[in-house]
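Quick one: the structure is below, questions incoming.
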């Protein structure tokens, strides 16, 4: 291991990580919004929209992000929809993540509905009161484990961004290996930087899961 | 009958209820009068719980109507929630809200639905909790309570809405035997106060002690109806006799 | 209506080549799934053991797999082994190794989860009926475990297939790469080929994964109440 090499590569990796984080976080925020929207549409079986959301969810859950990105980035310009690489990365991540988040939130909602709803109704609450005070808080708590898993999954998926020539960590590593053959150093830095992104998320996620479980449901 | 002079609160009028193709209730009618305790007994699956759920508008019906003080209980949003405020219901599985403390469980609906003053509701909630012996549990979560305690909270939660009628749907069926009594005592004390109640239960001794009127239901029909004394001591129909016999044991 | 470049697919052997590329992806996933199941089941059973050492090691293994992107693992195995051992590892073999490493962890975790989800009284009531440990395992525990496990393992297959799309990044010529080559070769005659070709690849993946997902969902629903 050559520490001088590592030192000289650090700023490049740092920059690459910031790019991953920037696109990743925008993508994830929109994925959550899209997921909530689709989950509600599916949960209430709103005609037409529910079917559309269903098709969207199945399509994006059953195709790889890499292929989705290739389509968005290389194919759409051919029918007159050019798209910037970083925007494309965030969009792809949001579309993929939206499909996963939708299923997470929907199953959370469905696990609470039923007799809990009835007991709230029997106290005279109207539908929107039942949703905001009874269903949503519990559904969210129940969605947390799957929600955390989705966030980790999506952050890992950002590793394909280099395919649409975004200068992320993978791109930087591959580039440097090709240029200088400092393979060990490059790969070590790659692992360290991904660990830097994902271990805190994993730890925070665990803590959130435990807190929710204790606060809301015990054991 | 003396009840007839009192005001009719809930009236179930010639209703038919089907699940898919199975008819649960066929042309069924029942009236509940003010201050009366009606106990519905009968074999499992005879439609007892369905009647309570229909009275609270939780179950769509195919024919007939339910009226509350003459007002029709239907799916219309405004009217159904207003009526449900006046009709409290306690479920077999307690159905406390697991994400709220005991006090929050009790206070939620009065504050949210009836827009009552928080302070006043809290005072009342604490009084009611004290009455069922659970004042010190006010800040616990439902999971920290035993089944019997949860059910007592569920009753308090319904009471805090000042309902005119209380519906009890097999509230002791999920409880350990030694916890049944603590719940039934609470219901008995409510009966002494003259609360109007409709109770579905399998506890025959309790039914006999509390009922002003017993309805024996079999296969969606009222098979027999009478005072507790009449029904439990001198059942008329063969089905009722068989049913009551199934609760006694003899060593042959 | 602009030219969508779908005609490229019907030129010469292009469609056959594309499907050939798809087969490469499928082959890698199927081999990796096979190994993952073979290795994951015993590992999962080992993980139900109470030993602290076993727990610590398997925990570390699962954490690595949970946190590291498969792409990073591919890079390590593909570029790293060349560097350290001087081998020139075949990219397809590297992919199989990485996906097996990843799949085994996932499979083992599923197996462990399925076993510990069987309530203790199931063992006890079977024993109380006079069954010996082997019988309890074979006739009581195993059938229930399989019912819990099968839908989730089928789901792992679709994830494996989707993840194999990554192998093009280390130079395996699979469906996406073949697509890229076709687009390159026809860029003058069909400048819009990217739309037709990538659209087709998109569809192929969907056609491949969707029925498997449906099967998994169906089995999960069917067996959830038993």
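Odds and ends about this structure:
Going in written order, the chains are labelled A, B and C, and every chain counts its residues from 1.
Basically, a contact is a pair of C-beta atoms (placed from the backbone, for glycine too) under 8 Å apart; a residue touches a chain by one contact, two chains touch by 3 or more.
Please read all numbers here as calculations on a predicted model, not as lab measurements.
The chain occupying the central position, as judged from C-alpha centroids, is A. Looking at contacts between chains, the pair that accounts for the most C-beta pairs is A-C. Distance from the chain A centre to the chain B centre is 47 Å, each centre being the mean of its Cα atoms.
Work out the mean CA point of chain B and of chain C, and you get 53 Å between them.
Remark: chain A and chain C have CA centroids separated by 20 Å (rounded to whole angstrom).
Across the assembly, chain C contributes no residue that touches 2 or more other chains. The part of chain A that touches chain C in the complex is made up of residues 58-59, 61-64, 66-68, 70-71, 74-80, 152, 156-160, 162-163, 170, 173-174, 177, 183-184, 186-187, 190-191, 194-195, 198-199, 202. Remark: chain C residues 2, 4-5, 63, 66-72, 75-76, 79-80, 82-84, 158, 162-163, 165-166, 168-169, 176, 179, 183, 191-192, 194-195, 197-199, 201-202, 205-206, 209-210, 213 touch chain A in the complex. Contact residues of chain A toward chain B in the complex are 115-116, 118-127, 129, 133-134, 137-138, 141, 215-219. Remark: chain B residues 53, 56-58, 77, 81-82, 84-89, 91, 93, 95, 97-99, 108-109, 112-114, 141, 143-144, 154, 157-158, 161, 167 touch chain A in the complex.
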